[in-house]
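In what follows, structures are represented as structure tokens.
In the two assemblies presented below, chain A is common to both, partnered first by chain B and then by chain C.
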Partner chain A sequence: MEIITNAMRQLAREGLENGLDIIIGWEDGRFEWQSKPAFITEINDIESLNFNNYSLKNLSGYLLKKELKDKKIGIFLKGCDYKAYKQLVNYNQVDPENIQIWGIACPGLKERDFHGNTSNAERCQRCQEPVPEELETIIGKKEVAIQNSPEDKYQDVKKLESLATDERFDYWKDQISDCIRCYACRNTCPLCECTTCMLAGGDSNSDDWIDSAKEFSQDFFFHSIRAFHQAGRCVDCGECEEVCPVDIPISKINNKIRHDIENLYEMPEVADDDSVMGPLLDFREDDPEPGSKGGKENA
Partner chain B sequence: MLKLDKNKLQDFLKAIEEEYQIQLPVKKADQTDFCNFEDTLKPNKGLEIDLNTRLSVKSPKSYLFPRSESYLEFKKDNERLDFKLKELTGKANLIFGIRNCDQESFKILDKVFLQEPVDQLYKRRRNSTITVVARCLEQSETCFCQLFEIEPAGSETGADLYYYNYNDGLYFTAGSDQGELILSDYSQYFKSVEPEIEKKLNQEANQFNGKITADSDNPLMQNKPELLYDNKEAIFNSDIWQELANRCLECGICTYLCPTCHCYDIQDYSADQSGERYRCWDSCLFSNFTEMAHGDNPREETYQRLRQRFFHKLVYFPEEQEESLACVGCGRCLGSCPVNIDITEVLALAGGVIND
Partner chain C sequence: MPVKEKMNKQIDKNNFEPLLVAFCCNWCSYAGADLAGTSRMGYPENIKIIRVPCSCRINPGFVLRAFQKGADGVLIAGCHPGDCHYMTGNYYTRRRFTVFKELLNYMGIEKERFKVDWISASEGKKFADTATEFTSKLKELGPDRKLRDSRWK
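Presenting the complex of A and B:
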């Protein structure tokens, strides 16, 4: 961590000296188990940059902030953050010309639950690409052990798939009923890039597709539609699940879709560049339709 | 003081369940939150009563001021429009095991909703709610209730019942006539308490209540909460709001978990010929919170909305409510904000503005 922190400060200093307007990194929070995004514009503030065991926050989403438009930005991205960044570039949401990226070989981070127990972050346990290999500058030790095999990362999804439909519905009903609709999952998602969400929070509530009332049907609709909108784009950075104050296992929804995309449609979970049509844009007559009656189960 | 053996707790709760709908802290997976007592009796739910965890994920304000509450039904019948107010049915709520910070937050909500014009939806719930406070004899690292002059170990009155959670028992005292009534109506569950134990517990409580104000080391208690009130203009116009806004996600976590945030919206759920009117929580961090019908928004920018939240708690509320500050120091914002924005950080930054 110290190696990463020192390199981070060094690069940030050079960046500001060479004309960048703002550096986005992490600094320590109030407690040892916290870390928060840092926005550095002055060389004097560089020492506050710190990468610690809890620097999970995916910073790429901040590139969408309207205040940062047209600014020259330097940003630190871990493996998962970089994957999200590439999607933003694919969808023309950010201008790479204005952005200097420094990669972080992520050693795997920790998370702390409500009761104060710490463990290896779930997102890190599923991660396959902790090091953003494509980048020119990467800080930290590049040899990082992968915690789970590509298939093992779907063990949670497979456990749920093995349940009967009723049991599965009961499971999700129980989980999603806890939703307080704070929209933190959507707001923190680097790939929820719409400036106005059609589901909720539009210019006027009457334009919203979901009702503000706290009803299971509305909560369920919110979470399922959001997951579909991320199909083929979600990079499983785990931000949504991380921020959820009531611990809804949102990643399981996204990962179910990722798993299906790969298995049923033989597409990459995430399209790496814009030459590959995403699952929501591509249609083939022989597409399997396991959800509909009489639909083909497999390709 | 009367003792209820912990191994009799479930029997006692089952007995009072005849009269009350009981809500209490329950451990579910990795969290602890308030839940219906009935649900803890269902074996397949995996819920376990948890009287040890200091704070619940969400504040219990939702029992007085629900996340959403439908209160009016309307129906069109030819040229006639019929309205029907929804009655509150069912037993009174008994909230068991809330902490004194949350109990004090009810006083703040009372100021908002029970002053003229009285909010009838709130009043009817408030009048049918009994609270049982668990006295704190220790604090978590995120606690700062004493900054707001709240006594964590509780006082004599305010809640209906108070208890100490000590060794194998819960040691009760009444804080209201209603509380006295519960202790006498269900006296078969309670035992008398040896005077030494009563003295010891009261002493500990007194010590703890006075302790943290004198504790200058607690990093959360370094700045007086009156800072914003006393230096409104300088702090209102300072850069700290933009600094915080840079990382704010504009989600509703802080407002929805906060025990004193009380802003709401009124909406209709309508079908062709009929519908329901409900009110639901709203958050000043949402960009459409102050969006006007004609399209203007007086708080267009994130920093304005963030500033509003803290100014409401520490400036506008005391201006209107006899200097009462609208924070109880429960620390939920400290633990739950994904980007670590909390009221003690705001005070620290504001302190920096004043000292500069």
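Presenting the complex of A and C:
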């Protein structure tokens, strides 16, 4: 961690001296088990940059902020952050010319629950690409142990799938009914790039798809459609689940969709071809029919 | 209370008429429904047809909204893949709703309640059969209480 922090400070200093307007990184939070994003514009502030065990925050979402438009930005990205960044470039949401990226070989991070127990972060347990290998500059040791094999990545989803339909519904009803509709999952998602959300969040009189009533069907609508809007784009950075104040297992919804798409369709390479933006914006003539058991797993 | 118990309590299976909402594409399935009518093929009146320009016009939100507002089942009907009036619309429908159907099932909605089918303009018989089959399936399943908005009357 210290190696990464020192290299970060060094690179940030060089960046600011060479004409970057702002550096986005992490700094320590209030307690030692916290970390928060840092926005550095002055060389004097560089010492506050710090990469610790809890620097989970995906920084790529900040590139969408209108305050940063047309600024020259330097940003530190871990493996999962970089995947989100590539999607943003793919959907023409950011201009790569204005952005200097420094990759971080992520050693796997920790999270702390409300009871004070520390464990390996769930998203890191599922992570398959902790190192953004395509980048020129990568900080830290490139040999990082992967915590789970690709087959185990979806074990939560598979466990849930093995239940009966009504049991699944009871599970989700139990979880989703807790939702207080703070929309933090939507707001923090680096790939939720719409400026006005079709689901909710316009002014209170707007003709949104969901209203403000505390009603299970509305909560269900929000969570299923929010996840579906990220279908084929979600990079499983885990931000939505991390910020949820009532601990709804949002990643289990996102990962179900990811699992299906990976199983049924070939994922087009991101940012390589302008004509193909994502698996749901593409088709083959011999795609499986809805409801049929198709895909690689059942081949 | 577990859902199943709650559902059984409210269901009067002998006296239940399901509401089936069908989104039909203007060019094939709606014409197919028309053909079923003009050829005097009977099909249950539980089905309410909503005409859309192309099956690709259907937003997954439409499906959930239908369930919220009282539908017991939702059918999406479009041209056969390859026959789309707009060339490729229904290929996108197919991908989208394959994923969405899996998602609904994963979140606990019976997969029989939501169906995607391809019905061409000449398949009046297929339309009538699909509607009949779907309605009888829904009668077996009983009313949908899972996604219905409690404010709906």
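By our rule, the second predicted complex is superposed on the first by the 269 of 299 C-alpha atoms of A that agree within 3 Å, B and C clash if a C-alpha of one lies under 4 Å from a C-alpha of the other, contacts with A are read in each partner's own complex, and residues count from 1 in each chain.
The working rule: contacts are C-beta pairs under 8 Å (C-beta built on N, C-alpha and C of every residue); 3 or more make two chains touch, one makes a residue touch a chain.
Being a predicted model, the structure only gives us computed values, none of them experimental.
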Clash or fit (per the criteria above) of chain B with chain C on chain A: fit
First (chain B), second (chain C), both or neither touched by A:I253: second
First (chain B), second (chain C), both or neither touched by A:T165: second
First (chain B), second (chain C), both or neither touched by A:R30: first
Touching partner for A:A213 - first (chain B), second (chain C), both, neither: both
Contacts of A:P245 with chain B and chain C, given as first, second, both or neither: first
Chain A-centred angle between chain C and chain B, computed on Cα centres after superposition, in steps of 10 °: 90
Which of chain B and chain C A:H115 touches, first, second, both or neither: first
CA minimum distance (chain B, chain C), superposed complexes, angstrom: 8
Chain B/chain C common contact set on chain A: 213, 215
Residue ranges of chain A in contact with chain B within the complex: 29-31, 34, 36-37, 39, 57, 62, 65, 67, 113-115, 117, 180-184, 186-188, 201-205, 211-215, 242-243, 245-247
Chain A partner contacts - residues on chain B that touch it in the complex: 29-33, 53, 57-58, 66-68, 70, 141-142, 219-220, 243, 246-247, 249-253, 255-257, 265, 267, 269, 278, 280, 282-283, 286-288, 291, 293, 295, 334-336, 338-340, 342, 344-345
Chain C contact footprint on chain A (complex, rising order): 157, 160-161, 165-173, 198, 209, 213, 215-218, 220-221, 224-225, 227-228, 231, 253, 256-257, 260-261, 264-265, 279-285, 287-291
Residues of chain C touching chain A in the complex: 2-4, 60-61, 64-65, 67-68, 81-82, 88, 91-92, 94-111, 115-116, 146-151
